[in-house]
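My questions all concern the structure below.
Labels for the chains are A, B, C and D, by order of writing; each one numbers its residues from 1.
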Amino acid sequence: MLKEEKVFKDAVHQYIYVKHPLIWDLINTKEMQRLRRIRQLGTSFYTFHGAEHSRFSHSLGVYEVTRKIISSFQRNGYVAWSEEEILLALSAALLHDIGHGPFSHSFETVFHFHHEDWTCRMLCEDTEVSKALRTYQSDLPEKIKQVVQKTYENGSIVSLISSQLDADRMDYLLRDAHFTGVNYGTFDFDRIVRMLRPYDGKIVVKENGVHAIEAYLMARYQMYWQVYFHPVTRSSEIILRKIFQRVKDLYLMDYTFHIFIDPLPKLMEGNMDIHDYFILDESFIQMLLMQWINEKDPILSDLCSRFLHRHLFKYKIVHEKEGILEYAQETLSKRGFDPKYYLEMEYPLDMPYDIYQSEKDHKKQPILIMTKEDKLIEISKRSEVIKSISGEKRGVHHLYFPEEMVQHLTIPK
Amino acid sequence: MLKEEKVFKDAVHQYIYVKHPLIWDLINTKEMQRLRRIRQLGTSFYTFHGAEHSRFSHSLGVYEVTRKIISSFQRNGYVAWSEEEILLALSAALLHDIGHGPFSHSFETVFHFHHEDWTCRMLCEDTEVSKALRTYQSDLPEKIKQVVQKTYENGSIVSLISSQLDADRMDYLLRDAHFTGVNYGTFDFDRIVRMLRPYDGKIVVKENGVHAIEAYLMARYQMYWQVYFHPVTRSSEIILRKIFQRVKDLYLMDYTFHIFIDPLPKLMEGNMDIHDYFILDESFIQMLLMQWINEKDPILSDLCSRFLHRHLFKYKIVHEKEGILEYAQETLSKRGFDPKYYLEMEYPLDMPYDIYQSEKDHKKQPILIMTKEDKLIEISKRSEVIKSISGEKRGVHHLYFPEEMVQHLTIPK
Amino acid sequence: MLKEEKVFKDAVHQYIYVKHPLIWDLINTKEMQRLRRIRQLGTSFYTFHGAEHSRFSHSLGVYEVTRKIISSFQRNGYVAWSEEEILLALSAALLHDIGHGPFSHSFETVFHFHHEDWTCRMLCEDTEVSKALRTYQSDLPEKIKQVVQKTYENGSIVSLISSQLDADRMDYLLRDAHFTGVNYGTFDFDRIVRMLRPYDGKIVVKENGVHAIEAYLMARYQMYWQVYFHPVTRSSEIILRKIFQRVKDLYLMDYTFHIFIDPLPKLMEGNMDIHDYFILDESFIQMLLMQWINEKDPILSDLCSRFLHRHLFKYKIVHEKEGILEYAQETLSKRGFDPKYYLEMEYPLDMPYDIYQSEKDHKKQPILIMTKEDKLIEISKRSEVIKSISGEKRGVHHLYFPEEMVQHLTIPK
Amino acid sequence: MLKEEKVFKDAVHQYIYVKHPLIWDLINTKEMQRLRRIRQLGTSFYTFHGAEHSRFSHSLGVYEVTRKIISSFQRNGYVAWSEEEILLALSAALLHDIGHGPFSHSFETVFHFHHEDWTCRMLCEDTEVSKALRTYQSDLPEKIKQVVQKTYENGSIVSLISSQLDADRMDYLLRDAHFTGVNYGTFDFDRIVRMLRPYDGKIVVKENGVHAIEAYLMARYQMYWQVYFHPVTRSSEIILRKIFQRVKDLYLMDYTFHIFIDPLPKLMEGNMDIHDYFILDESFIQMLLMQWINEKDPILSDLCSRFLHRHLFKYKIVHEKEGILEYAQETLSKRGFDPKYYLEMEYPLDMPYDIYQSEKDHKKQPILIMTKEDKLIEISKRSEVIKSISGEKRGVHHLYFPEEMVQHLTIPK
């Protein structure tokens, strides 16, 4: 243990407490520090100017939430986990996002990779993180990888880090609410912690915690519609995706960029190693966007300028899809906009977020209530409110396009 | 006026309200958008991980604080300013930081310029801001420049934007407290607004507002010692300054950098124009620092790595300066560290911040209380608490150096 | 107008602003001051120790909410109400609870009267309130009475004071959450105000306010289940009701109380006048309960002791009512408890609260959404979440009885 | 230990946790429940309408603050106190105010007793509290009495409950700020807890906690001037004192009150026992004031009416005392007001509150800083800010009198 507990002042949890030297060492690795250069909410700062917080802050928060839950379990004698097991859980919480790249959603779509894979590589290949873990225990990287991939044998720990009621979500809802300033993301975190019980390889909720969970899921519901699916945020992500697409296409056409520094060529060829990936932070991307405003390719230059100067695409709601996309493509083409780069139809739920899914086959474990008679019931069976938002498909299609086209595109209501 | 009032959700003021189209247009200029890429608190995020908010958020906040004060003045009939005058004040509030560059304090020290000068150039030269202002009223850029330079004829407006109790400070204290999470920066903003009165070309405070002002100045006092002068923040700024100094020295030695893109050469030569300056944001600098880790110059490479991976300089407190610097220089040299780049002695108050200065000849107007008998009294004459922190010089010298030297440097207590 | 605006520091709205002398005079009447001696949440302080705030605080809050809404309507030009009309609305907001008696729910049930009737008498009979109103405008008492009784011609004003989205509810949800400390009662009040529109004699909500209304109704839903229907609160109210019932029965049996001061005899006879009613505050009732602990009637003495010393009735949940009440009555009788005073079966929704009712024939106007096409739609037609809680009947029967009986009463699960 | 930890929802500390059955039993005694009928801030609700919280809430809060500090001491191994010692501290924290009577300050002044004496009697005589304590350990009442009287051998426990930085003050500053709504009473409680150390029979503060203590003492300073010494609160207390004085005088004159129930006669004779005292709560007093409005003695009737209907005395500030009191007495007499009951000169610091006293001979132990060299230094020696408010005597004399006299009394400025 550290001679003296270290604390970080935190806007959400007041303080984040670190006692174990491994956690301290992990925080000080260059891979963890790199997360300071990647925003938690991607381009959302264009919609909510306060949304400028990084994945570094969030990672500390997930660690702290996990620490608090485990500490409650221990105080009440619900678990008898070894120190190694607890340290595994805390490390996994801290490191679960270590493989995130810049503006992940847009980036990964165009370049076809998953940040989860990079997380596993960061854990196991030649990194400071990997070294710190191995110094403590040689198979720790492998075990954390299992937790991240949800194959680890102690299911309760997997549940803590990744389920429909995990430390990840609990931190980001509270944190994103604090930094954007919206009042929707709050719920009674202390009460939820008190209601959680490890049971049969899962984390379940005591029956009289149902209302607290309802409040948590309503916070999630509101944050999704108000913040995460906000059309202005979607618009900025779409432009970014179009930029990456254009760069990729130009590269394939042997276009010569006036600036095209490492590791861009490897990114294009799909053969980045862990050290190449390390450089890819949001500073790097934003600097490139700024430089590319001066590229001679008019599409790339224009899109970069729109993104950086926040001249985002406008949108119209599409209630009836039939033929709309073709019509819009034609109309844009006529006005000189290549629809491949200037048009997108999107349905908000085509996204790595979801509100709440009750099905068992969902990739994240549903929330289970333990009744007074010790039966487990999936929560939407017990709450009309949760049932009403469970698996919700309320979204409508949005058509995104340049502001110049607003007058020219007619969408039937 | 805009058909419908625009609102921005804000974590500090709840909402920021925009009614006038000029304000809306100014917010949408690329110069204002650029402020999203410059952090409000420079390198403080290394001390308080939440301190990642930008000057863009703060600029909106200063606008809103100014709007609220003017609106209170109007509602109560304290002023009869024309619409033009009000718009001038609001625009000046919004634009007062428009010339800030990346990590201003370190940057300006090494390259010898002042962001105030760039603010004036941003207002008056060929920019979107300038164009928007001129479209509304041809001499508006010039008038805002006068407000920024404190030469404008209506002293009350100058006081609002720049004095010891101005909209700038009121916003940043509240904002920095919210984002860092410290609980020291709060005070009763609504009550202060209610106690302000324009009087004889100044903004003064009604006598029964003294306690509210005490609370405001104590918030300032606490924020300065807890946040702004924090030695960890100072340490990271010192490394950054050393990096800039090394780059400058290498350039003068005709060193060939493997990456040295525009506008770096002009920056070195001191002949940047407004378009060069525009590119200089924190993404640009951070990307360079990352690239320079691979420079062959060992000092530059090492310093960049220390900064980005947060291996900051350690410090010791120096009570007796006599001979210490020479001793430290020698000791570092012996161990292979060039003291020019690896050593710094600093006194916290050598900084553009101050706690509170009561003297009349200070560049910012002191806070004046209006007694029930309509006399004006400088506030430290009325409050022992304020007197106790006024012009405070409690700081002690800190010596900063690489962690490797901690054991080797002995500083007498 | 008052020479200087008066302000009250308020824990919910920060400040409450009073400009008009009539409002100031009304606040200073003895009838308004009497509301300081009547708690907003009756016996809820036995469940949430912070719930000790009075109807006085709440009445100021309803006034402030109404003031803010009307001020928003004026600023945006949505209404062109005369000063008289606005003052009527503000006065009605302030005075809407002026007729509330001590522990209203229990009290009114036993003694068969309605606080609404007393509100009307307070407005129109010989009171300081009535005098203040008449001094300003002779028919003002009558008009406010019409607002309270929902017969006033300007339906928008009635809606403001009394509907499913009125100033009353908006204040009490926020206030009760603040004082109890629960985190469920918050919603984005500023945004709701911005979304409200007076339309065709009603207050309706702009379509893009739906999510804010969902959050408001979920706050209401949570507060109802967590606070207002809490079984411990119900238990204390039941004991109080039993006490009043016993006193009434003893009076009818010509029992001689050792203390039975004015206006108790008139209360028993049902002929209190407005001055008698004025004396009936919660101090008066609590003092009586304390004195009655020493009555020789064992039931009255025992019940008063249970209430004051918080030895409340316990409860069991009854899923199947058939025969339970008879069984419980018999069991209590056998153990020496008169079931008339020691037993109660209750269904939480038999209460003057409700969660949300969408039916048109409900006594409070439902919440209407105004679509972009200017159609009005009842909100539960637009929101699955609201539909799921609308007219909810989730309650189960609770059987309340003395703790001594817990072991002896067997309720099938 | 209780089978399951009990929690109370609390507006200040979020939750209050009870694990030990003795604490639970003590909370459920009728003497603790009685504190629900005595307000924490006496008549302050006439100034801040939210100040309606009771000594019951505060007592739970002091318990929780003490529990948190001890828990931090244990976690960090600073103390090795036995379970008995800890339970003693927690019980003392919970019970420290058990002897408070209604509107203590006014009441005690007139009837010459001290609530501390009643606290000791509540602990040791025939009460439920005493019984619960003795059941657990026969000498516990005596030991708690020693803690309350500051004679207990373990000085650290005395310091926790009663010193210039005790659990009592920390809770009431935070609580009174929350309920009144003022923003001055907040400080970083978690950090202070982390900086406290038991040392040589005292609780001292680590050197780098100085800023946190400054913030705490500034909160105290602000609360004293803004809330506790507020002239409107003083005015209402003065009227109350005058009422009690008049009742006492009338009793001595053999006046016959139309209502004068137990235990008033014993109160007048000064021979109340613990059961008489129990009945004396604020309901009892308020009911009497209401009844006494109808007394035939015009002074008593008038004063009660002024108090209940909030027609408080007005005040003027007296800079030069010479002859003023005599002048005011004469002037009042001429206008028919008996100055004994209608006039008061007061200096705010003649009160059981103080801001901060550094002297060693003060009845509360001063705050000591432990330097890095393990020396103890009284804090005002280390902080100019604290020195500036230490022993402050800024108050001015206030003269209180009926509003009708405002025009007739001329006080030189």
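In this text, a residue touches a chain if its C-beta (ideal position, glycine included) is under 8 Å from a C-beta of that chain, and two chains touch if they have at least 3 such contacts.
Quick caveat, the model's predicted, so the values are computed rather than measured.
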Shortest path length from chain B to chain C (each step joins two touching chains): 1
Minimum number of chain-to-chain contact steps, chain B to chain D: 1
Euclidean distance of C-alpha centroids - chain A vs chain D, Å: 51
Computed distance of Cα centres, chain B from chain A, in Å: 32
Centroid distance [mean C-alpha coordinates] between chain C and chain A, Å: 44
For chain A, residues contacting two or more additional chains: 14, 182
Residue ranges of chain C touching chain D (in the complex, touch as defined): 8-12, 14, 28, 30, 33, 36-37, 45, 48-50, 52-54, 56-57, 60, 178-182, 259, 261, 279, 281-284, 286-287, 290-291, 308-311
Contact set on chain B toward chain C in their complex: 5, 7, 14-15, 76, 190-191, 194
Contact footprint of chain B on chain D as seen in their complex: 182-184, 186-188, 211, 214-215, 218, 221-222, 225-226, 384-385, 387-389, 392, 394
